[in-house]
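Submitted below is the structure of interest, expressed as structure tokens.
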């Protein structure tokens, strides 16, 4: 069996991978997978060091990694955030334009939070320079916001729900329901894919087996996936409402049709915000359609 | 009060105990009463309960073990490299002239800032964590050992020469045994610092360890567990220091005052 | 009488540093030390006595002249010249016995022979029962006795002593003088002994060298006419007082000169 | 080589320079040649270019300023609290008995592990960062000052008594001036450590500072900028130490050896 | 002759600790010191001389008996008893002048008066030009001269000296003895002076107290019949030798006793 280390985080969208691991689906499909939890801002460092061969992350982050010298080829669409990521803001802040000059807690460049904020500001005619950034990971951003710090915070589920729960602190200003630009994919180092197509296929198959299992035995699956992030089955089910796990069909469509224009859009915004230094010569090497079928 | 006037042993103990009683009762007073919410600061009983649940249900002993192992491994590696180098620098001036400017500078490089580079170079396995401890300790040990050896009493060295010792014997039979107690003290001191580096190393990319637990508890706003974790590190530091001190006392009896 | 040790125009100037001018510690000095001589060196502080002794020991190099021991030029320290320093220089990490064996081991002597030699000297300096004590556990006088034994155990040609009893209280000092004399009579080494104490200088020596104030040189030599062994009551005889009166005047002059030199 | 044998000043300088030449040329050799890719380790020229671009285009001077300010503020606060407390502990045994057990323990608490709690308590403004430095320094200063004062030469204290000094005068005219140089040395030492804590404090919740820059550079895999940032911290540490040492030398001339 | 200082059955036992049995340092000792007495105290190491002096100074409390100064019981240290210690106790952070002014300022003397007093004593001990030197910049002998001036400036009733010249070399020591005598003659203080040196004890004192080995007590008192002022040549007179011979025998006996007590 090929051994492969995948860097992920506790993000609800990645949970089917956890399920595949805990339920022995990877093993069944003939691949020895180790999932390692690594903060998004450090994940490319680990890939680059060779300590992990694959990593799940948002598409624009995949672009940034590739542009900054950490090649990672995407082959599987994992999830789309559907209100799972968002910006929480104090009661006085009614619309995105009100963020101008405010202090926003957001994770480091190269993370989904940073991207989401940059994207939303851009679409509202502003840039990152129009807000004061405070560097906090999504969970800390949400916690700090609830305890009364900063004017706004970029975070994701389940932490965003803590904000929803404490009404006095503020409310969720915008989410990925309004701007569906948080899309996660799984990728591996190109040489790894080249040498181990079987293993990659096994990963893809295991992922869809996991989705099938969720459909067949939702309670048991939620319990397993919740336990990995210290949540009950109910809590997990609640946070899973904010994301969508795609079918094989949607996956194929994404890689055939959507991914390239999306990445092209992303490169511009990333460049403007100094997350990447140069635009990649070709976006074609950043993904492969051969497994999403 | 009269300056420097000693007090009885029993008064000492009573006053020391009094502090802890006051400390815990004022902590309890502000927390149990609800003056300070539990998300800000857990009360002492909560902390103990949280600590117990960590130990009993979440395999916290394994975390403690992982942290201790990392510190000891990183520290042992640093000592193994730094002590011989420090002795060489202290004894041989050309070696000192060669390395000293660089190491004096390197000592100010913050080990925590190396973490991104270390992840790049070695991944996020144990090696990376051990190297953080290593980088945080090695330069300080080298310099402190070098200073100790360089300041060896000249009259002892001269006495050895007049007794027929040659250069090699001066190193092996005078410089090293003479400075052994101070080298051991240096190691004890640096080990004390190493306990504080390990937490930083574990904040990133760890899957076990006290620092990992603290990061996890942070997500849950579990101040009880955070405080318990910090306290445990403090205790381990104190205990390891105590045993190191006892060890030095035993081994270097000759160097104690009468 | 054989010449054991010869100093030919030995001089020493310490190089100046940024803050200090060069210091001439020793003016060209010549001295012939015969076998079995017990020479004491008297002189005011800073006159170069230690400098001369260190040059003989090979711990310092003269800037002029040379030192010959048994016809060979001295080029560095060696076990043929035993030294006892004013500061306590026992190795603190070694026991009394291990200290005495230090030089023997360097010579490559077998362990059994080392032990036997050490035991003999421990007996001679009256420290039976203290073999396994560390230096810290001994009084100053006891430490200097061990230092003496350590130097003698190496069986040196010449014994050099730089105010070995300077840090001891007067009574201990007197007892140590008698011990040293008895040891010297037993081993008949050649001795050069630096001291500040006029009584001590007269009581021990067959020749007393008086140094001038800095820059030092031998200003006067006084032969002491008493035979050996000597008894402590010698110190209160009129002859002794006469030597003392002579040397006191010599030294006083130099001391006052030195004091005005001092900053 | 002969142990402890001094070498000429010019040889010293030559050897020290040689090290840096060898260091940079071997760094250059492995990087410029492409043996090690730039994403792993930038070459020396890249580092300088990256540093220049940071300074020129990204307002890095502001970051440096923020970091320096945090260290100095946290350190000044720690000194202001710890020095009087340390003096009181050293001079008055009941105070020592009361506080010593707690502070000996508190010294082993890793400042970095407090970061989550400090964020909860004080937010993520400057206060939090300054408090990390404060917590990392204050206990060590207290203990080291207390030890220095407690070990004041008894004969000087007795001499003062025989000259008619009363208890208050002993504190003000003997214990404090006598230990001032050692207190200043303690502060110098602890300031050296503070430079390494500040980076940890800036890894989380910062919007400026050298640590903030290092985290930002990480996304770009800009090893050139990371190395530049680390080097700058090293230099600032070295320079601040130098000036502190010079200051102590000037002010406490009486305590230097002749 | 007025009794200045009276010791009535003063004794001192140091409590035992975990590792040590209690030590009787001083057996009940009585002594009457008259005004203008110059008393020297001789005795082997560890016999309790310093203990007695510290009790008189008020730095230590007796476990039995009491000390009366001018009819009042002594209860602690005070400026009426000046002390010069063997170890150099100048305040290293103060200049020579500031050191001498230390006690004056405690008395609340005006700055101008302090300066004037200090200048007078600096002149008397021959250290003009060194007013603004720090102690580190002075030789041992010079430091002890300043310590003497500092004690005298306070104008104490009694001057207590605990081997003040013990760390000095012999020649410097002799010069210091003469200085102290001349100062004493000028100020006519009452002096208790502890020393190990028999010559010194005879040369300075009008009465010599000999202590027995530990536990100490006054074993013998010897009145010295020489008048003041004294000249250094006194030391080589037959009368001096006679005193010396007497005291040497007394002390020798105790020293040997003490040496066998020593571990």
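Letters are used for the chains, namely A, B, C, D and E, taken in the order the chains are written, and counting of residues starts over at 1 for each.
What we mean here is this: a residue touches a chain if its C-beta (ideal position, glycine included) is under 8 Å from a C-beta of that chain, and two chains touch if they have at least 3 such contacts.
For each chain, UniProt lists the protein as follows: B, D = ABC transporter permease; C, E = Sulfonate ABC transporter ATP-binding protein.
Quantities reported herein were computed from a predicted structural model and do not represent experimental measurements.
S.K.: Can you tell me which chain pair comes out on top for contact count?
M.R.: Top-ranked chain pair by contact count is B-D.
S.K.: Quick one: point me to the chain whose Cα centre is farthest from that of chain E.
M.R.: Relative to chain E, the chain whose C-alpha centre sits farthest away is A.
S.K.: Just how far, in Å, is the C-alpha centre of chain E from the one of chain C?
M.R.: 32
S.K.: With centres defined as the mean C-alpha position, give me the chain B (ABC transporter permease)-chain E separation in Å.
M.R.: 49
S.K.: Could you please state the distance in Å, as a whole number, between where the Cα atoms of chain A are centred and where those of chain D (ABC transporter permease) are centred?
M.R.: Inter-chain centre distance comes to 39 Å.
S.K.: Where in chain A do residues touch at least two different other chains?
M.R.: 42, 45, 48, 140, 143, 147
S.K.: Could you list which residues of chain C touch at least two other chains?
M.R.: 137, in rising order.
S.K.: Touching at least two other chains at once: which residues of chain D (ABC transporter permease) meet that condition?
M.R.: Where chain D (ABC transporter permease) meets two or more other chains at a single residue, that happens at 39-40, 116, 120, 215, 218, 221.
S.K.: Chain pairs that touch, all of them, please.
M.R.: Result of the pairwise touch check is A-B, A-D, B-C, B-D, C-E, D-E.
S.K.: So in the complex, the part of chain B (ABC transporter permease) that touches chain A is made up of which residues?
M.R.: Residues of chain B (ABC transporter permease) touching chain A: 39-40, 116, 119-125, 204-205, 207, 216, 218-221.
S.K.: In the complex formed with chain D (ABC transporter permease), which residues of chain A make contact?
M.R.: It is residues 41-42, 44-45, 48, 64, 68-70, 103, 105, 108-111, 132-137, 140, 143-144, 147-150, 274-277 of chain A that touch chain D (ABC transporter permease).
S.K.: Under the definition above, what is the set of chain E residues touching chain D (ABC transporter permease) in their complex?
M.R.: 57-59, 76-79, 81-83, 85, 87, 89, 91-94, 102-103, 106-107, 134-137, 150-151, 154
S.K.: For chain D (ABC transporter permease), which residues are in contact with chain E within the complex?
M.R.: It comes out as residues 153, 155-156, 158-166, 169, 173-174, 177-178, 180, 252-258.
S.K.: Which part of chain C faces chain E closely enough to touch in the complex?
M.R.: 44-45, 137, 139, 141-142, 166, 169-172, 174-175, 196-199, 232-233, 235-238, 241-242, 244-245, 248, 251-252, 254-256, 258-259, 262-263
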